[in-house]
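Here the chain labels run A, B, C, D, E and F in written order, and each chain numbers its own residues starting at 1.
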Amino acid sequence: MISNLEAKRIRDAVASGTRTDGRGIDDFRPIKVETGVVAKAEGSATVSIGGTSVIAGIKMNLGTPFPDRPSEGVLMTGAELSPMAHNEFEAGPPREDAIELARVIDRSIREAGVMDVSKLCITEGEKVWMANLDIYPLNADGNLFDAGVLAGMAALNTAKMPEYVDEQVVRENLKKQVPVAHQVVSVTFARIGDALVVDPTRDELEVSEARLTVGVCEGKLVALQKGGDGSLKPEMVEDAFKRALKHSQKLLKHLK
Amino acid sequence: MSKMSDDKPKFLIKSGKRLDGRKPDEVRPMEMTVGVIPNADGSAMVVCGKTKVIAAVYGPRELHPRHQVLNHKARVRVKYNMLSFSVEDRKRPGPGRREVEISKVLSEALERVVLTDRFPMCAIDVFVTVIQADASTRVAGLNAASMALADAGVPMRDLVVSLSFGKSYDEKGAGHMVVDLEKEEDNWGMGDVAYAVAPALNEILLLQMDGDLTPEEFAKGRQMADEAAKAIYDMQKQALKAPYQEGSK
Amino acid sequence: MISNLEAKRIRDAVASGTRTDGRGIDDFRPIKVETGVVAKAEGSATVSIGGTSVIAGIKMNLGTPFPDRPSEGVLMTGAELSPMAHNEFEAGPPREDAIELARVIDRSIREAGVMDVSKLCITEGEKVWMANLDIYPLNADGNLFDAGVLAGMAALNTAKMPEYVDEQVVRENLKKQVPVAHQVVSVTFARIGDALVVDPTRDELEVSEARLTVGVCEGKLVALQKGGDGSLKPEMVEDAFKRALKHSQKLLKHLK
Amino acid sequence: MSKMSDDKPKFLIKSGKRLDGRKPDEVRPMEMTVGVIPNADGSAMVVCGKTKVIAAVYGPRELHPRHQVLNHKARVRVKYNMLSFSVEDRKRPGPGRREVEISKVLSEALERVVLTDRFPMCAIDVFVTVIQADASTRVAGLNAASMALADAGVPMRDLVVSLSFGKSYDEKGAGHMVVDLEKEEDNWGMGDVAYAVAPALNEILLLQMDGDLTPEEFAKGRQMADEAAKAIYDMQKQALKAPYQEGSK
Amino acid sequence: MISNLEAKRIRDAVASGTRTDGRGIDDFRPIKVETGVVAKAEGSATVSIGGTSVIAGIKMNLGTPFPDRPSEGVLMTGAELSPMAHNEFEAGPPREDAIELARVIDRSIREAGVMDVSKLCITEGEKVWMANLDIYPLNADGNLFDAGVLAGMAALNTAKMPEYVDEQVVRENLKKQVPVAHQVVSVTFARIGDALVVDPTRDELEVSEARLTVGVCEGKLVALQKGGDGSLKPEMVEDAFKRALKHSQKLLKHLK
Amino acid sequence: MSKMSDDKPKFLIKSGKRLDGRKPDEVRPMEMTVGVIPNADGSAMVVCGKTKVIAAVYGPRELHPRHQVLNHKARVRVKYNMLSFSVEDRKRPGPGRREVEISKVLSEALERVVLTDRFPMCAIDVFVTVIQADASTRVAGLNAASMALADAGVPMRDLVVSLSFGKSYDEKGAGHMVVDLEKEEDNWGMGDVAYAVAPALNEILLLQMDGDLTPEEFAKGRQMADEAAKAIYDMQKQALKAPYQEGSK
């Protein structure tokens, strides 16, 4: 919770075209991506965007395909707002914020067809690879969405397939890449007054009327999610798309 | 789970006609009724094609648990729930992750239009129940919720009008924007937007998308949706007046 | 919760042989049954008894038989006191009221041998049909028991079997009836003072000392359940049986 | 689950003798002891055939959570629980639906006899634990609970006397009413009634039935049960006096 | 919760080398063991140590072996602090105290290799016997650890194997012993001031700084667990081992 | 689950050298850093061999739920949690029984050194997160927790220094005591002790053991551990000073 004074400072700054941390309305904070951070995971990455830092990891397990997709593997995304990452996060089962985060990351990555799930089939209708992508914030200062998508993608891009030998999973000497077909990123905005600031901090999100996350893949929109108790003006949405496409170019560079 | 006998159709739209015969900008026949749950402070049923949803409002009323109370305004709490037999494969009881997310975005959409500051410390509970699901259940639920709030006499800035739009492919694989997706279009289409506006305020209250759209396609779809929203808005207002016109309730 | 004044009104009315809604002690409220209300369900019905309205639906799924009944299918009944149906119902896992309701409906239908479970076997000891009957009140004004049994029966009577093809369930063009061998109904009473009123409203139940539900099938008792913090006099139970048998005739007509 | 080696028996009663040699109106040997849980305010063990149940009472004591407090009386809360190894196939920990329902009907039966208005805002907690189950566990538990309450000095209108009765078939398939069902009679019988009375008040406190009975059969069974209840009532009173007669406790 | 006065009495007694119930610092309370108390269980026992009384039972079920131990059965230990056993125990899912109790008993019995799990294999890699050992206090007056281990061992020592016939478990006429290879006992101490009292009562545990449980098998240490918010001095631990080895001889006699 | 390709090794120690080349009394290379979670009041990361753990401290702060409040002191609450991908086979989300037990013993170890009476009614929450697990995670977590508390400025009697020790077998099957077990030693060793001391107070704060040790072997192991603890204690103090020495933080 932030003070009324601090809220006013943020709103006044945005109204005058700048932000309390010195950024412009359309500036991202510095981004860092590091992969291979957890040797036990089939793929992993930490991503920081300013003060926000998240860790993502992939485990490949055996599973049963969905009956209507008997020859496709499955990607499942989870997120937990671990209480270590912010004073206001609580221990316990995931709440709606964590569920929304996981589902939006999941949709962004799934809808863009990032994983070539057709290559994850072992026995049609019976056994497929199931990729569990789990994302945890380490330090939460806003915009967990974009950090989460970036970390998830970085983890997937560097993930290796275990082998399936004698009906068991062997995780040694992994070599084969997990099949990744496309690269996706997301760009999140917060509406503060009549402006849309990109890459909002947690304080900015708290004073904002609404949040808009735009998932982008190869110049197209692959996911959208509005959040927050307020509304968006139609022209803001159009504006957000243009800016998201532009930012996506820079974000994609962090995925090499 | 069930075998889906429906394999991917060769097209979802052909010569401007959709699988169920509708034009791209045409919504399914809708039926809207208020007062369907007498115990509730307000309620509404929305039938849209084969999708059938009820919303019931209880409140403003005392809010439990106490630590969720807001001192300066009411909390609008939506619980979106599907009957176990509303879908092809039985839904297990209890809210799954999908229901939790939908409950959250519907709550947020309604927060904006309800004059919550008139009821500090209260809860306004909205129970959205899907009786039968055939795509676009969340938008049907949001229409019903908005009407149930009005039926309950909860003061609002505007009604919320909600519908889906998306992209269907024709026999050549080309995309066409369509509004109010039904099941096949939802399953096989190339983009699926859940959308809600407050028409009088010209504000967007719900916006979720999966799929693959260019900004231009989105803009086209949104225009079609805004147009269709006008008709739905009128239907809502009509349905809200109905009990008084019949001199009943 | 009702006021003391309202409670007194109800008790006084019953003591003088009538009820606050004008009914006599032994009068049911008007009953309406509608079937086929949910096309996605294999069978469904809504039933209203006065201000009480419930919806019931059947889904047929594959399951494993119980080891001691390897060639029989299974009927499972659930009930949820959905918070939309009454101001005092709460969201969350089913509480004892909902569990009691489900179990009494389940016993009434199961003990009467309503479903011919021997016809629901696919492969002995391995695969059987499992019928999930779920019941939800839409508007709760007392006597959910009788409304629930009636709705459950109406749903079963009109339920169609899916087909089992290539180890999967096919739910298209359903034709074959779910095998129903007997018709059962229940009749519920509330004790208010020294009287037993039939088909109690919610307010009547609240002031009552006890509740008694009598399940009837072909002129016999198939289920009994006393509820409530008070007691029943032995002669009340005898009286309830006679009246239940009589009412059962009328209720059965609603099942055609 | 286990294979039940016991297939349906050819008869449950023959020439007036039941499988375990009892007459129709005969209850199994019973053992009743109070004070078995020293920590509790009152406790009792009831052994009835192979069924073995303990009840422990804590209270009247402060009631948590607060929102369940009743201002004008105490709340009697029964928790019926089965040890995992009390039954043939291991019972998973945690209350299932059956346990929840039984807890409810036992609470309601006891509410009527406890002078709850003497302890406003309090809880009287009764923990009924099934050590070994061989049919009729809920009625054994209710007998134990009633005695545990008396042992705790909780003021009561009457003791609760509980037993099962039902219908057994003979070698020709004809039905005969019997009291105090054991496992085979419970599994294969044609009707099963859980029944409890307050003998001095002549009131019925528990009544649950599954099966297939005519009103006449029920009436016959109830008469037999009322008769048997007198003996159980005496046993209860005897057991409650025992600690004092031995000059101990 | 005990009063300050009572706490002081306990501390003063221990400081002067005795205890409020008259025992010496190194005295156990009287122990009673009874086996075969629950006919439905494959093995069972009640154990009392002074005012503490616990019941333990074994059920043998079919299970799947762990992949890294394909030819071994499994022992699983559970404990529930049933609310009947003490005023302060609460109904509901097991809390950390119950979980710690179960896990320490489990480790004591498992690490000593008490069950010969290699004899519990039915089909390698597929089907093994799984022994569920469950422990419930009936009356809790401290030292549930030692009573629980003793009851668990007594139940195991007298447990009989069901038969596996036609892919089903048959529990009639059980004859074969469950394979028990070693006998283990535990000895628990509480630190009060500078003394370690053996077999602490619940009141003693409440005023104690720390608890130490020592699992012993054939003269060796097989499990240790410190509990409590305070600390142990190194010399206390050495002292505890000596005394535990001595007490273990007497405790083993109760296992015949 | 995964197939463990690693069958039981022929020895864990040979000619005084362990599988990873360490001497019996040698700890793995350790890395300790404070301030890794800026949002927290204090935090620390400990890397020990391939084990990597973060601890974050929030508090002293208001304690919820209210009924857990202690009037005379703060409550130290540790939540030990493993990331799903920190282990070979994915760990399901939510605390299992192992995590609950570890959280309890870590809380108890820290209670003794924190001056809890300075913060009545408060919570001091310590979140221990295992990023990568390769044996000895709880002791690494306790080291991190102790440093995070110091980093948060929480007043303490002493730091907590924690490590594992145990018994490894050589090629002849003979046992040798070793400190700071890595994965193979933990899996296949003949005894495994989780141990923590407050060096300045000379008190034992954590003590858990599985295995098969004589009292003499335990004593030997403890001596080696106490010696190794000195080095870890110095590393902790060094790491706590680092931010100030670099003139930053």
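Operating definition for what follows: a residue touches a chain if its C-beta (ideal position, glycine included) is under 8 Å from a C-beta of that chain, and two chains touch if they have at least 3 such contacts.
Note that the structure is predicted; figures quoted are calculated from it, not measured.
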{"item": "If a chain touches chain A and chain F alike, it appears here", "value": "none"}
{"item": "Any chain in contact with chain C as well as chain D", "value": "none"}
{"item": "Chain whose mean Cα position lies farthest from chain B", "value": "E"}
{"item": "Candidate from C-D, A-B or D-E with the same interface as A-F, over half of contact pairs in common", "value": "D-E"}
{"item": "Chain located farthest away, centre of chain A as origin (C-alpha)", "value": "D"}
{"item": "Cα-centroid distance, chain A relative to chain D, in whole angstrom", "value": "57"}
{"item": "Distance between chain centroids, defined by C-alpha means - chain B, chain C (Å)", "value": "32"}
{"item": "Distance between the centres, which are taken as Cα means, of chain E and chain A, whole angstrom", "value": "48"}
{"item": "Residue list for chain F, restricted to those that touch at least two other chains", "value": "1-3"}
{"item": "Per-residue overlap in chain A, given as positions that touch at least 2 other chains", "value": "67, 168"}
{"item": "Graph class of chain-chain contacts, one of line, ring, star, complete, other", "value": "ring"}
{"item": "Of all residues in chain D, those that touch chain E in their complex", "value": "1-3, 5, 36-40, 43, 50, 52, 54-56, 58, 61, 79, 81, 83-90, 93-94, 125, 127, 129, 131-134"}
{"item": "Touch list for chain E against partner chain F, complex", "value": "66-68, 96, 99-100, 102-103, 107, 111-112, 212, 217, 219-234, 237-238, 241-242, 245"}
{"item": "Residues of chain C touching chain B in the complex", "value": "37-42, 44, 51, 55, 57-59, 61, 78, 80, 82-87, 91, 93-94, 132, 134, 136, 138-141, 162, 165-166, 168-172"}
{"item": "Residues of chain B that touch chain A when the two form their complex", "value": "1-4, 97-98, 100-101, 103-105, 108, 111-112, 193, 198, 201-215, 218-219, 222"}
